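Before anything else, here's the structure in question.
When the chains are written out, they are named A, B, C and D in that same order, and each has its own residue count from 1.
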Amino acid sequence: MVILLKKNPEQKQLDNLIHWLKGLGIETKFTVGHHSTILGLLGDTSIVDIDLVRALDIVENVMRIQEPYKNANRKFHPDDTVIDVCGRKIGGGNFQIIAGPCSVESEDQIISVAKSVKAAGAGLLRGGAFKPRTSPYAFQGLRGTGIELLLEAKAETGLPIVTEIMDASHLPLFEQVDIIQVGARNMQNFELLKELGKTNKPILLKRGLASTLEELLMSAEYIMAGGNKNVILCERGIRTFETYTRNTLDLSAIPLLKELTHLPVIVDPSHATGLSRLVKPLSMAAAVAGADGLIIEVHNDPTKALCDGPQSLTPAQFEDVACDIGKALDVIGKKIG
Amino acid sequence: MVILLKKNPEQKQLDNLIHWLKGLGIETKFTVGHHSTILGLLGDTSIVDIDLVRALDIVENVMRIQEPYKNANRKFHPDDTVIDVCGRKIGGGNFQIIAGPCSVESEDQIISVAKSVKAAGAGLLRGGAFKPRTSPYAFQGLRGTGIELLLEAKAETGLPIVTEIMDASHLPLFEQVDIIQVGARNMQNFELLKELGKTNKPILLKRGLASTLEELLMSAEYIMAGGNKNVILCERGIRTFETYTRNTLDLSAIPLLKELTHLPVIVDPSHATGLSRLVKPLSMAAAVAGADGLIIEVHNDPTKALCDGPQSLTPAQFEDVACDIGKALDVIGKKIG
Amino acid sequence: MVILLKKNPEQKQLDNLIHWLKGLGIETKFTVGHHSTILGLLGDTSIVDIDLVRALDIVENVMRIQEPYKNANRKFHPDDTVIDVCGRKIGGGNFQIIAGPCSVESEDQIISVAKSVKAAGAGLLRGGAFKPRTSPYAFQGLRGTGIELLLEAKAETGLPIVTEIMDASHLPLFEQVDIIQVGARNMQNFELLKELGKTNKPILLKRGLASTLEELLMSAEYIMAGGNKNVILCERGIRTFETYTRNTLDLSAIPLLKELTHLPVIVDPSHATGLSRLVKPLSMAAAVAGADGLIIEVHNDPTKALCDGPQSLTPAQFEDVACDIGKALDVIGKKIG
Amino acid sequence: MVILLKKNPEQKQLDNLIHWLKGLGIETKFTVGHHSTILGLLGDTSIVDIDLVRALDIVENVMRIQEPYKNANRKFHPDDTVIDVCGRKIGGGNFQIIAGPCSVESEDQIISVAKSVKAAGAGLLRGGAFKPRTSPYAFQGLRGTGIELLLEAKAETGLPIVTEIMDASHLPLFEQVDIIQVGARNMQNFELLKELGKTNKPILLKRGLASTLEELLMSAEYIMAGGNKNVILCERGIRTFETYTRNTLDLSAIPLLKELTHLPVIVDPSHATGLSRLVKPLSMAAAVAGADGLIIEVHNDPTKALCDGPQSLTPAQFEDVACDIGKALDVIGKKIG
């Protein structure tokens, strides 16, 4: 970290700053110029709060040299992390499609969807048991029962299951879940992240609606700092002024995240746009841009879905989409599964 | 709710839609025009997911008539809600300043700050015990001990205390806390909101960084639907492209929220901008724009604060700010406390 | 357009509204419900300012049925517009790469770049003569001389040329330019758009940094309303809170614009991100998502470029990118040129 | 400017960079550290394009020390600029209200409005002659005739007039206009700014919908670099995800701009929100936050306004608002006019 001091900084404040940094185990080195003085920080600056330093009266500006994340940082772990879920590999050249309904609704529904997405090439089954809904009056998911139904679908088809957690206290219900999803609204639910860091489950961490890539990586760092290195990042659209789509899918996040981190990066085109007819072009785009997988909503009867139905594909549409994803992957020498 | 159907909608999908609405207890009424058909919905449409309807193939557009929130809606509760916290009233013409440090650090610190903010006119004491920090390596707060120190400061000064909760499982520690704060990052932590709805504690609910006013009101609705009507809303800046300030304070939210809801609305100028020198002008602005109170960071030694220090005022600066807030309130016939 | 009136609207205001609509040639039709009255508008509502109506005291909400653009609307012109520029076709299944330097700097530079991009598959040459720069102290382009150099490069290579206009008064200098570009900052320079509408030159219209898709289409409508139907739309990134990239490329704009309009849609990955290493993955992504072309910055010596250098590829890098774009196009049955 | 180089930068690129900087008249000074090398730039770095430097392969990060604007910079001109328009002073403790209709419609209308806003305390008259409208089919203003009608209203009332220019070629029509307004959509119409820099007219420069404060100041710099120092800045709301208001008024811009520049700063609450009922609270807020003036829409018959009517106050409402603005100004020791 490099701190640019204002001209003639107050000595007492400067002493306080240096003393505080020393307390954090960081040495400082001065370079005095005509108009300003530069303070170089030597040591592990990942623990220094850059906003705090920037706001000091004596500070003109601050620049990081080190990124504030370590476990998630590709500089310290050059090789791709590969997450193996019951034999389905994600990352390091391996590409998986996770598919399934927004909400688990019934045994028939989830087993029927699971069979069709498996037939079309999906490697994992998704389904919402706990549902974060904007309105308290909307359907909140089948909760524990939903997880049981997912496990039945897994037993029937062999597909590992992915489902969202909303509170750390529900963790005991997730013991047999293969990948635990953290939703966009909980990306900075730090108490939940800490608890997930104590498990060894793969965590699918969705980017928050207004979160920068650095904040996403810092949330991954929360999980990894606890000892759980199995984190999969997911770009699912950010909030912008454009109202035509529900969110704006940020596909440049894929190549950028692949530079910054060794963790797998997948894309959720269904939630990003809220429009099922955009799933195909954006899935193909994500594939050629280097994503390690996709998570796609598929429903056996979209018009009857209890939530988010309209962003879901039918099984037949999904088959068509999966086929075109396969062709797109060919271009970059990858394949599904 | 009014649904505009596309020209020649598929009959089966239309039947499904009407059947689904009927299941929710909602009647439909058709108006057929030249280019399109309008479907009027009669009944309690607050339970209808507008995004779901908008995304159906047969639907061109949808408009709400009813707002999706009921308990928080001024239409159904025209009178201002007044929250009484140990005799300090917030709302309905009553204006309170909540002041104190970002983090509780020690007994000396919190008692000293409490005394000075009380002397300057603050009616309640704030202080962070559980701290949501972007980095897992940053100071996370004194947690339970922090709450104990706040209670000591309350015993010493008589000021009721406000502190943030990060997880429902910590609720037992908050039994003697006077107002429980929900931070911006947890505004849509629905499981937490539900648990808070079961208490009778006043809840200070901060607007999320990328949350619309309607979403803020829906989160209030989560708490109120559980039975707890004591919700105070807090505007604290939204995330925009401007990088000069940490967030962009949206002061138009004050008069708008006062129209839409009967709940008190306060403003946090310290977190909104991240710059203590902006606290005075924005506090005065919030006061004349109709806010029911302010929450302001005050620290006994800003250069040493463990977190967010630079957005904190010193006690002397706070006294000056409080004095000017008082003058601004005069203009609209209110006073502090 | 459907107007939802408030309960018990003031009769005088309602009469004013209906009278005003009549003056615009629009008939109104009432549907009275329990809680509200719906006013259906019959006629050409593209001339009705929806914001004006929405803000009337008696109006609860408004919904458009017709889009406010006509010439650009696919509903009225189902077939793709194909723009033919000296034999290079854009749109309707034809895909072109426009390549060249940010700024024209010298005869040697522009001819050398033109030759190498042609060899690699580019169908048109771009180069800035008039440069919109944030700072008045930055290089503003060679202006008229820049256009002359572009024409020399065209004479040498046969590549049609694309260059940006900043003011209608410069139009005489653009007489031999093949495609006139309107930059993002001038997307709503309506006087310029009107003048361009009087020419018959193909216009490359870039989306503004904070412009919605509808606003982009309305700006195209300005040009088309003047008689010039040769408009090419260009997605080049929108401004969001993310600071890692200069802008956020909105690739969902491609399939959405292709639905809404018959005009060709191209993508500028160089300006969108400001990072040349992202040009390849995002170009491939744009290609499979259905874009009709790309506009890519290529420079013969990026470290010496007078402006925007770092987002430029070298000719060798461009050759590699163009080759991979070709492979990506294969997937959807298109080819370059 | 301070450049942080990557570890082991390629020597040729480094030489290129230093050579290029030398060509701009800038000396460089190295400080070699363990992990990185810092390059300090000495000289006038306002001409260095920071984005260009940041994007070089050998550069890790860059920090500015000097702001990129000079004429507009308070560091070089500590005293407030006071703009005197026919005796009405703006800035340096002087506060003016500019009021009038969105569009000039007729002699009767503009004279009637001018008289009533003058009576209520407005010091200047605004009115749109050239109207930037999103749709080519919407009313585009009376143009030249509109300016003539404004001049008649000035002759009748003595109020100096403010009106918007949309193209430099219209400048001859603005010879008798007292303040020329540049609208938000033209804030980065650099050719227009350059032409206005050659006049000596006061320019009211509105912040663009997606423009940072630094960009606003750079646009002022364009005008000032041409020799015209009479620039008034105007905050009028920025585009965000919130749809309840047309834009989000950024009131923290007032104290920040007053720090960064000596130019007067006024606020447009009418366009910022698009809702006339918010004009009063936000005007009062702007006044206490330190604005040097306000520009407010007032119409003699809002329901009949040809454009933007709903954000306009009636003369009676304006009188009430002006009275409360006066009270708010009392608090900070200012008064209207």
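We adopt the following convention: a residue touches a chain if its C-beta (ideal position, glycine included) is under 8 Å from a C-beta of that chain, and two chains touch if they have at least 3 such contacts.
Note that the structure is a prediction, hence the values are computed from the model and not measured.
Among the remaining chains, those touching subunit B and also subunit C are A, D.
With centres computed as the average of Cα coordinates, no chain lies farther from subunit A than D. Subunit C and subunit D have centres, each the mean of its CA atoms, that are 26 Å apart.
For the pair subunit A and subunit D, the distance between mean C-alpha positions equals 40 Å. Centre-to-centre separation between subunit B and subunit D, using Cα means, comes to 32 Å. Shown for subunit C are the residues in touch with two or more other chains, namely 210, 239-241, 243.
Listed in rising order, the residues of subunit C touching subunit B in the complex are 2, 4, 29, 31, 33-36, 38, 40, 42, 60-66, 239-241, 243.
Residue ranges of subunit C in contact with subunit D, taken from their complex: 13, 16-17, 20, 46-47, 49, 51-52, 54-57, 68, 132-138, 166-170, 185-186, 188-192, 194, 208-210, 215, 218, 221-222, 225-226, 239, 246, 274-276, 303-305, 307-311.
Taken in their complex, subunit D has these residues touching subunit B: 210, 212-214, 238, 240-245, 248-252, 254-256, 272-273, 277-278, 281-282, 284-290, 324, 327-328, 330-332.
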